[in-house]
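Chains here go by letter, A, B, C and D, matching the order in which they are written, and residues are numbered from 1 within each.
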């Protein structure tokens, strides 16, 4: 493994030096006050990144998938009804998890490439006068299709229906990269992982619970131990953890929050938007289309790019890895073979992005697609030049 | 945090340089063949450390507690009966997890300090002619009391009773440090974590399943997704993982297995025994007693040391941290305040151990215990001198 | 400092992960056999990279400049005559050093952009029938101008003149990247540093001495202590060093040699040539010219690119750093303001190179040069596509 | 190499985590303002550690030996007379360097174990009415014998003799560990390296020049280029360096200065004194003697311990390395075989020190010396207990 080129998968991202070093930590006693010096600031830091004043933050040695399970098992009981849209592989998997845990999922089938239809949610919630739906699930950013849904609109749908269901949001590939407003959007549970917007290695499930979500934990009967939020919070005052925490990763998360907050969340979002726009300019220059059907749902963290009919998009990914040592993302599920994905989140500059675009061009040309070398690069260069990055002159 | 002194907690251990570096890895595409170059060898390496020819090894981004949950939820159904002894905090917690997942636990209450009574297991299993007991749980090394139980004897109990129950062993603080024979002992599920014998940071649940355990997964109905071993194994052939793996830790685990196997497992066990004997010589020289009631159950990875009546043993741990920057383990549960623990597993030399013993002496003297400075150190020195370590002259 | 983008300075290069880790070493006793396990292999490794069977290799905690001083002070005496060509900033500095140490330098003034005129050397040497010239200096690769001189031709000039002068070659920016044949070319002293072809941080002067050069040390009277090769070699048999060695860097150098030799020196040279050709294709596509006057002297490690009259080339470098966070090299000395330099040596892929070219294009466009965005990138892509890199599928 | 045990050589010291990480840096452009962000603070930081308001600080990619050469070659001319005492291997070597550079050294032979006789210096300087002596050399801490000389007294001798000679002090194993007052003592050149009080890997020569020393550079004619302080200072305003700097080490040095100054130099000195006193208590308990003849010259960074007549002290060092993996220092020169040395400088705690003492005891017992195991440890424990370390409760 040469590790020379950046990765362009939609997470894990390239890891900043400072985070590599923050994670790479000698052993400390996780039952000592030293651990508290990591635990408490990291919970506070994540809360701020969630743009929340009061969310209870829990950090498990796990992944976003474990975060989903945390959300479900701590708040729901077997047979509970939940509402969810399926518009990509990750929403599909979360629905699958619900079903395997005995929940009754009302699925809103949605085209892969479209966002969650908030109006459809509103109709269903309005019709549910008995309030049987206990939770509404929403995948903020469908990593499989590069589609961002409007969580604020879903909150409005709930409010319009005057429905008490909890709102669970999968923000795995959005939090820390794209606007995410826990409090403003009335999110009850937000789920993410360490390896996307936080730019760390995988290994942490990061969840935020609203007061209403915490209330729901009191009656939820789905079995849980590893992911039990009460076990987790019980020892906080004593700097304790129900089992051995992933101390280095949590230290890294602390540093990641500091980096994001120092930069300013608005700047972080603007930075991601700028990088993404350059990628999208390249896609247009190639004469290709995104899987995302409409600019209003374009994701600023990942672009899924449709290749021509009859062409297997996965070949681009394989070829890029084998021939140029560059990692892109394959299409998953319904769009397998139809799209390839360029991840553009986390620690990534315009300059790095240009190398990814140049590689994609070489691959497409190598594989016989009608691509003019340098065309996408030029379009992105043009965008980046005319939309300069805010650069800090930092000290070491 | 100065990180200067070694830690003497019973895990996480001090981390060898080579493992620090193996874990600290740039991002690779975990959906590429590169990941397969880590995944497959690590499963094979763990299998060998388990001393098994055929165990199916699964590695989750989690901890030993997640490993317990993996064992239970993949093989059992609500209401299933399991047999377990409670002789310390960790066996207690596993039992608690069983109960929270709706299992019916027949508990063999055992003095904290004693090992699992295999004869009692045999009686119960023999009496269970209907074979209602689906699984027998055994904590190989009770980290809370420094007590090692005889797993081979439990296998014999099962065989003597001709009972088909599965044998689940918590080897969290034994595997990779003390003799553990998956195949010879007929273990069905072995559970451990990355942060003990494997000398890595916490963050991996490592489990081995026998063919019988795999068979049981087909009918088990406890809900599971994150810890589902089928989801995990499904993608192995394609180097795939059901979610984002903790690649760096797995790379570290690969290297850890290599280190242990290069040293030779028998040498690893002998090394731990030697270090432990020095600690026990010191304890005797201090005129103190172990929590472990009998040499036959002495743990080679952790010693829980009883302090005199009326003395709060936890003060030693607090004082060592505050005054000398050294981490020992407190007593937990029933023995809280009655013992302090010296972890002596993983990456630890005789020389490092002597510094821990010297620190314990200073602490005990500082706190008014009647301890002769240097006495325990001298006893350990004497032991270490007359039982020389096998030293390799290694290249860089 | 974000460290996200690769650097494109002509050394230090980007540092491979494996070398970062090899250098980052805890303290060992440098007076112990452990140090010998680094010292001896590294001397052997460097010898092989020099393509020599018998060169005496010395490694000082210093830089290439210290290597020059080592060459001069160990073999020459005040007033000794040496022959040197000045065709760039680095040959200029070496000449300056000679003069400051009281040597009498016969300077062959050579256009910056041209290689060393071997025929002129031959004339001078032939005329020097008294053999007053004790040493002939040659800068193999002028880092300031991107010009490679023909050392084999200089050896032929010496032979044709039947002149006994020693041949000292500055291979700082060539060794480990471009063909360098210590034995075949009859080099007497080769000088390099750790931060170029060896891809390490700066901090080591690396020199190879022929038997004739060693012989010359016996009579040389220039004062020297730190750079004395006898002090250095005296302790080798006992793994000793005349002062504290830079152990981590030497360990890194060991690993660097292993990497280069594993890849195969011919493959290393071909890799550098391929990368360089892509850069040169871009320069042509931009309608610009190299400082190097002729393809026969093109350097495969650095390209100095002439900008149009009236344009300050240094602005490109400043702008790239400030606006895009990318480091190129400025022009030095005679060509200051007239050229900017793209370093393309060491740890660098085609993909990384494309990002450098794309950045250069943006900078030139930003600064008003008539550059078509993407044009150089396209030319390089075209070259790289049709001249595929040899890729290893490596294990972790 | 297992790297598990601390080293007890008198430098390089154990390296703190924070410094390991500060040194391990990706490549930056050393001709850019980024480098200035390291260069300027580090010169200021070193100046403060030297306790000087105005010393010119120079940092070379070299070692303390290079620092000696910097001092001599920049200020003196061939044939110049210098005064120096020889009381150990390092003062011997510096004298040797003077002689090799054509200086005329008036040597005050001094017993190895004694400090520099300031009164003898005063006599000689007073007698030198012609002021032929251009520089007075003083090794502040003789690392070979563990002897600290009184630099303030030497300054008084110069003043008493009203002699204008420059005062050059080798503070390699004292600066950053023991009181060193550049301004108060009227030091003209102070020399040290990165690997002692600064706790970094070897690789930097660090020197401070007074205004008088700078003045002397104007007329000095000893040849120099690599170590020329004018070349070095010339580019400072432009963040430039005469060749490629060791950026990572300089970044580490910056951090080291910050650590030392944050702790407070007086606290740093007190910490070293406390650790040293524990070692000396152990030596007394063993019934042995230091090479240093008198408490007034005891070094707080290294203790050279005399072993009984007829016993080869070097065996202790060899045995410790081979049997226990611990590094002590051998005796050098006149005291080779007569002493072994325990380095106790830099990053070292009381707890770590106890492990070194315990190891020394085991070695001495193994080799047949009449040592009571635990005796030295107990004496040191007693001292450390009753002289508690100031402990910071630091954040990560």
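Worth pointing out:
One rule holds in what follows: a residue touches a chain if its C-beta (ideal position, glycine included) is under 8 Å from a C-beta of that chain, and two chains touch if they have at least 3 such contacts.
Bear in mind that the values here come from a model prediction, so they are computed numbers and not experimental data.
Two chain pairs, A-C and B-C, are compared here, and A-C has more C-beta pairs in contact (counted per touch definition above).
Compared with subunit D, the chain whose C-alpha mean position is the greatest distance off is A.
Look at where the CA atoms of subunit A average out and do the same for subunit B: the two points lie 34 Å apart. Per-chain CA centroids place subunit B at a distance of 53 Å from subunit C.
Mean C-alpha positions place subunit A and subunit C at a centre distance of 46 Å. Residues of subunit D found to touch two or more other chains are 1, 3, 14, 17, 24, 26, 33-34, 37, 395-396. Put simply, subunit C touches subunit B in their complex at residues 17, 21, 24-26, 33-34, 37-38, 251, 254, 393, 395-396. If you check the complex, the residues on subunit A that touch subunit C are 1-5, 14, 16-17, 322-326, 347-352, 354-355, 358-359, 361-362, 365-366, 372-375, 377-378, 381-382, 384-385, 388-389, 391, 394-396. On subunit D, the positions that touch subunit C within their shared complex are 1, 3, 7, 9, 11-15, 20, 23-34, 37, 61-66, 68-69, 96-97, 100-102, 193, 195, 201-203, 222-228, 242-249, 321, 327, 329-330.
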